[in-house]
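Each of the two complexes below includes subunit A, the first together with subunit B, the second together with subunit C.
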Partner chain A sequence: MKQIVSVTLLNLRSIPQRWGMSLATVLSIALVVGVLLGFMAMANGFRATMQGAGGDDVAIMLRGGSMAEMNSVLTRDDLRLIEVAPGIAQDADGQPVLSAELYVVVNGVKRSTQTEANIALRGVGEHAPALRPGFTMTAGRMFEPGAGELVVGEGVLREFAGFDLGQSIRLGQNEWRVVGVFSTGGTVFESEIWADIGVIQNLYDRGSSMQIVRARLTAPEALEELSAYAEEEPRLNLEVLSERQYLSRSAGGTTNLIMFLGWPLAIAMAVGALAGAWNAMYASVDARTREIATLRAIGFGGFPAFIGAMAESMLLALAGGVIGAVLTYLAFDGITASTLGGGFTQVVFDFAVTGDSVVQGVILALIVGFLGGFIPALRAARVPLLAVHSD
Partner chain B sequence: MNDLTLVRKNLFRKKLRAVLLMVSILIAFLIFGVLGAVQNAFSFGVNTAAQERLVTVNRVNFTVPLPYAYWGRIQQVDGVRDVAPASWFGGYYQQPQNFIQAFAVDPASYLAVYPEMVVPADQRAAFIEGRTCALAGRALATQYGWSVGDRIPLMSNIWRQTDGSEAWDLDICGVFDDLEGTYPTNYLIFHYDYFNESLAYGRDSFHWMTLTTVDPARNDEVSQAIDELFANSRAETATSTEAAFNAAFMEQFGNIGLILGLVVSAAFATILMIVGTTMVMAVNERTKEIAVMKTLGFPAPRIFRMVLGESLLLSLLGGLIGLGLAWLAVSGAGAAMAGVMPGIALTTPTMLTALGLMLVFGLVTGLLPAMNAMRVRIALALGKI
Partner chain C sequence: MTDATPLYELKGLSKRYMRGREATTIFDQLDMTISHGDFIAVMGPSGSGKTTLLNLLGGIDAPSSGEVRFEGARIDNLGQGQLAKWRAANVGFIFQFYNLMPTLTAAQNVEMPLLLTKLSAGERKKRVKTALDIVGISDRAGHRPRQLSGGQQQRVAIARAIVADPKVLLADEPTGDLDRATADEILQTLQLLNKDMGKTIIMVTHDPAAAKYARRELHLDKGRFVEKELA
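Our next item is the complex of A and B:
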């Protein structure tokens, strides 16, 4: 045991003598971990924005087979049948807590690129804020029903130009005034602009149609009751989902795409870095052949030599992993970006370097260190005693 | 024994080390090749856009429809040659997961606007004649095993017919190919009239119009004239070139070029450090040998060239194998993904860039060790014993 400790310390103390190779190994592993964590931060941020919004006690109803809100059409008759459905919570006045919603996609100019991109302009009813947990007006006030007034999400405000409080905006033929800014604590709803549903229906020739109905359930279990009702009512062709289910379905594609790109890239780069680590460790063992042989000659076993080389390799890898994680955290965490989400509109999200992904990154680094150190360490263990004479 | 043999022997004196270095170089160029192909797919729509083509959409957003009557009015605009209206169908085949890009179009005008679509003359005539006919792209037809004469129910996740059905029965009357891989064949077109007549809602409207001008030089003038025509109407238009329209759409996904660029830079930075330090070390090990060579009368520039040659050889060997693997991967993926994401291909410019990078990489990693080798002082080096 004592042997292992002293050989390991000897190994580690000699790292500065080979600083070039060692530094290259550390930095290359740091870059591998950085690339992996960068992609994971993107995927996690996007997923958090989409799914953080999804409650189990909110039901989403859309036309059967339409898959996404954008393709769905519901009529006023559908709404009447939904209003009397079981499982939906009621407010103090005995009214069902639900919000019929309709959105149109409008163009906004992105601050970063000055190009046009899709924003959701959502027409909502009075219960809409109550159906988004954490909804607060951070500036101004809510729009008046029937008026050409908008409230914008904080995400829209960050990413798009021209939506500041008090500004007038022309979207197509219509003048709108921004009267308020709202926050929902970083969830996907902040990437939207809201207005009165009646005004939207009118201005975009949608008659009395809507796309989805959101409803507060009396309890998460009431979803089954509601689904059964929709199933049995012949006049309804509805798909009933919890908000969480609906949003994970919309987020899934993009998140998977990012992950499917990130992992193979990181693994390919890890193989490259592995070659580097291997090389560095060979160099380390070669440089110390004489030293190791001397140790063997004075009675040290082969095993401590093996452990010593492994420890050096793992330590370099660990340092690389940690440096990579810290740099990624400093460079990417909290960066705001936006991409095209499930509803064919921009979803504004923040990169999130999570503890979980850091652990995965460091594990990848340690695997590189282990594999890279293993064979050179074996070689260290087998240094012949006669190598004492080598130069 | 000529210099090249010496270079080769030097490079492979430690076989494992040489192979490891080659593997890491190989990986970097594999990543470069594959990501270059992906980027090519993302810019495919922009590169394949014809100069004289314009796209007119609703000013609010391209998902908001325009009235059908605009078709006739745009044809009247001076400088316009052909106008093709199209509606987004939101199609799927059998299951909602089998998403099909399908547009309801006016057949004759659509084929006139897109001369890149290659259709045999008889199929072309049959498609234009048959009311329930559809023309499928080669990649799409291959993906679902459709051939001419098949009848398929195409479902829509947006539209419904007055009888409540969501399926339009279509006859595959033709399959279109592309001209030399420059046009996507992953979609399907069918008759607008057939689509429109039984529509339960949203009738007599379309989503975009592609038009050709008589002369690309008049593009700006024509787009202005079109947008002015509908200014202050209920549905104002925005007209831009096809390339600008496609670029703006791809831009919505985010700055893909930047992300891919960062990844490639990270990969190259990694191998630059690994290979660079290893080369310095490898040459240092040989100090004594180089001193002997100098004693034998090898001039310093020749030694410089030999070390540089070694790093170049290493870079080219690893890089070319990596590029070859990338080519294999891309050919495989390109064929499999043609239906979903056309344009995944390793283009000549990408390959030439890769070749250039190999040379630069070889020179950069070899320069320092080559200088060191050239400066070896015989007395000092041999005195080391």
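Our next item is the complex of A and C:
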């Protein structure tokens, strides 16, 4: 053990003698980890934004087989049957706590690029705020039913120009006035603009149709009761999901797409970094050939030389992993971005560099260190003793 | 082992190298005996096999044929692990270019062979101090090799070679990189280790002046020894 510790310390102490190559290895590994964590931060942020909005005590009802809100059409008759369904909570007046909703896609101009991007303009009923946990009006007031008024999510306000409080804005053929700004604590709803559903139905010629009905359940377990009702009622063709299930399904595709891009790119770069680590470790072993041979001539074994070289490689990789993680955290964590979510509208979300993704990034770095160091370490263990005479 | 058992016995020792497809014989059927307490200067022209002989005596190279016996026991047929243990217990090496670990202090360099023993940290510290005292470099114990002159570095290397109290010191051109005055100081130190501490020393050198410090000279030429008694 003393042999291993002393030879390992010798290796580690000698790193500054090869600082250039060691630094290049550390930076290349940091870059790999940075790229991976960047993608993961994007995926995590998007997933958190989508899933954070989803409650287990809110049911989403859409037309059976439609899979997504955009493809769903529900009628006033459907709504009447839903209003009397079991499992839906009632307000103080005995009215079911639900919101029939319809959204259309409008164009907004992004502040960052001055390019147009889709935003969801959602027509909602009076109970819509009660169905979003953490909903607060942060400025202004709620729209008046029947009026051409909008309230905008904070994400929209941050990312898009022209939605400042009190401002009038033309969306398509229609002129609107922004009367309030709302927050839902960073969830996907903040990427939307809301207006009265009746006004949206009129202005966009949707008659009395809607796309989904969102309803507060008496308890999360009531979802089963509601599903059974929808299934047994022959006049209804409904898919009933909890809000969490629905948003997870919507987030899945985009999250997977981000990760399918991120991991292969990180792995391709890791192969490059591996070559760098390999090169650096070969240089390290070459530079220390006489030193290693001398230790072995004195009586040290080959195994400590192997462990010493591996420790050096792993330390460089760990340093790269940690630097990559810290830089990614400083550069990306909490920054706001937007991307196309379900329904072809922009979802505004914050990058999230999580502990789990840091661990995965550091593990990737250590794998690079291990693979990059293994063969050179074997070479260190097999340094010929006659190298004691090399100069 | 009895007192009469020589330290080394070489019997029919041959060493051949393959250079491409051609076999080169360094020496063939060499016989030799080295007693405890001897101080031998091995001399000879370049390529005569002086360093190869030292490598065979130190167990860092293997003969093509023949036997190397140390205190009566063969070492030429030991495995790598056994040889490493044997070297740690019996041999101290001194190299032309000192071969010190650049990131360690003089004291840490000297301590290296003791890390292979079961001595406590305190005991190791004492032994390191004694070894540095013997070679007269204790005042540089905390210095790193780059902060030391060539002569000082070689003294540290000698301290490292003797710190574990080996039976034999194998020195490969120990003064080859030093000026005359410093070389003489180093050679006097080796002579002291031989005369006062009874260390057997086998020293390869090109330098006739260095060889004069030994008890006997062994000239290796064309695979044969020619011996000359000195002191």
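For the reader, a short list of remarks on this structure follows.
Criterion: the second predicted complex is superposed on the first by the 391 of 391 C-alpha atoms of A that agree within 3 Å, B and C clash if a C-alpha of one lies under 4 Å from a C-alpha of the other, contacts with A are read in each partner's own complex, and residues count from 1 in each chain.
FYI, a residue touches a chain if its C-beta (ideal position, glycine included) is under 8 Å from a C-beta of that chain, and two chains touch if they have at least 3 such contacts.
Computed from a prediction, not measured in an experiment: that's the story for all the values here.
Aligning the shared subunit A places subunit B and subunit C next to each other free of steric conflict.
By the touch criterion defined above, A:Gly321 lies against neither subunit B nor subunit C after alignment on the C-alpha atoms of chain A.
Of the two partner chains, subunit B is the only one that A:Gly34 touches; subunit C does not reach it.
When the shared chain is aligned, subunit B comes close enough to touch A:Trp278, but subunit C does not. Look at A:Gly369: by the touch rule set out above, it reaches neither subunit B nor subunit C.
The partner that reaches more residues of subunit A, of the two candidates subunit B and subunit C, is B.
Rounded in steps of 10, the angle subunit B-subunit A-subunit C defined by Cα centres in the superposition reads 90°.
When the two complexes are overlaid on their common chain A, residue A:Glu116 makes contact with subunit B while staying clear of subunit C. Within the superposed three-chain model, A:Ser66 lies in touch with subunit B and out of touch with subunit C [touch as defined at top].
Put simply, subunit B and subunit C get as close as 11 Å, counting only Cα atoms, in the superposed view. Touching subunit B in their complex are the following residues of subunit A: 20-21, 23-25, 27-28, 31-32, 34-35, 38, 65-68, 70-71, 73, 104-107, 113, 115-118, 171-173, 204, 209, 265, 268-269, 271-273, 275-276, 278-279, 282-283, 337-340, 344, 346.
Of all residues in subunit C, those touching subunit A in their complex are 51, 55, 58, 60-61, 80-81, 84-85, 87-89, 93, 95-97, 99, 101-104, 112-113, 115-116, 160, 172. Subunit B meets subunit A in the complex at residues 16-17, 20-21, 23-24, 27-28, 30-31, 58-61, 63-64, 90, 96, 155, 157-158, 160, 166, 201, 232-236, 248, 251-255, 262-263, 266-267, 269-271, 273-274, 276-278, 280-281.
Subunit A contributes residues 2-3, 6, 10, 13-14, 17, 290-291, 294-302, 385-386, 388-389, 391 to its touches with subunit C in the complex.
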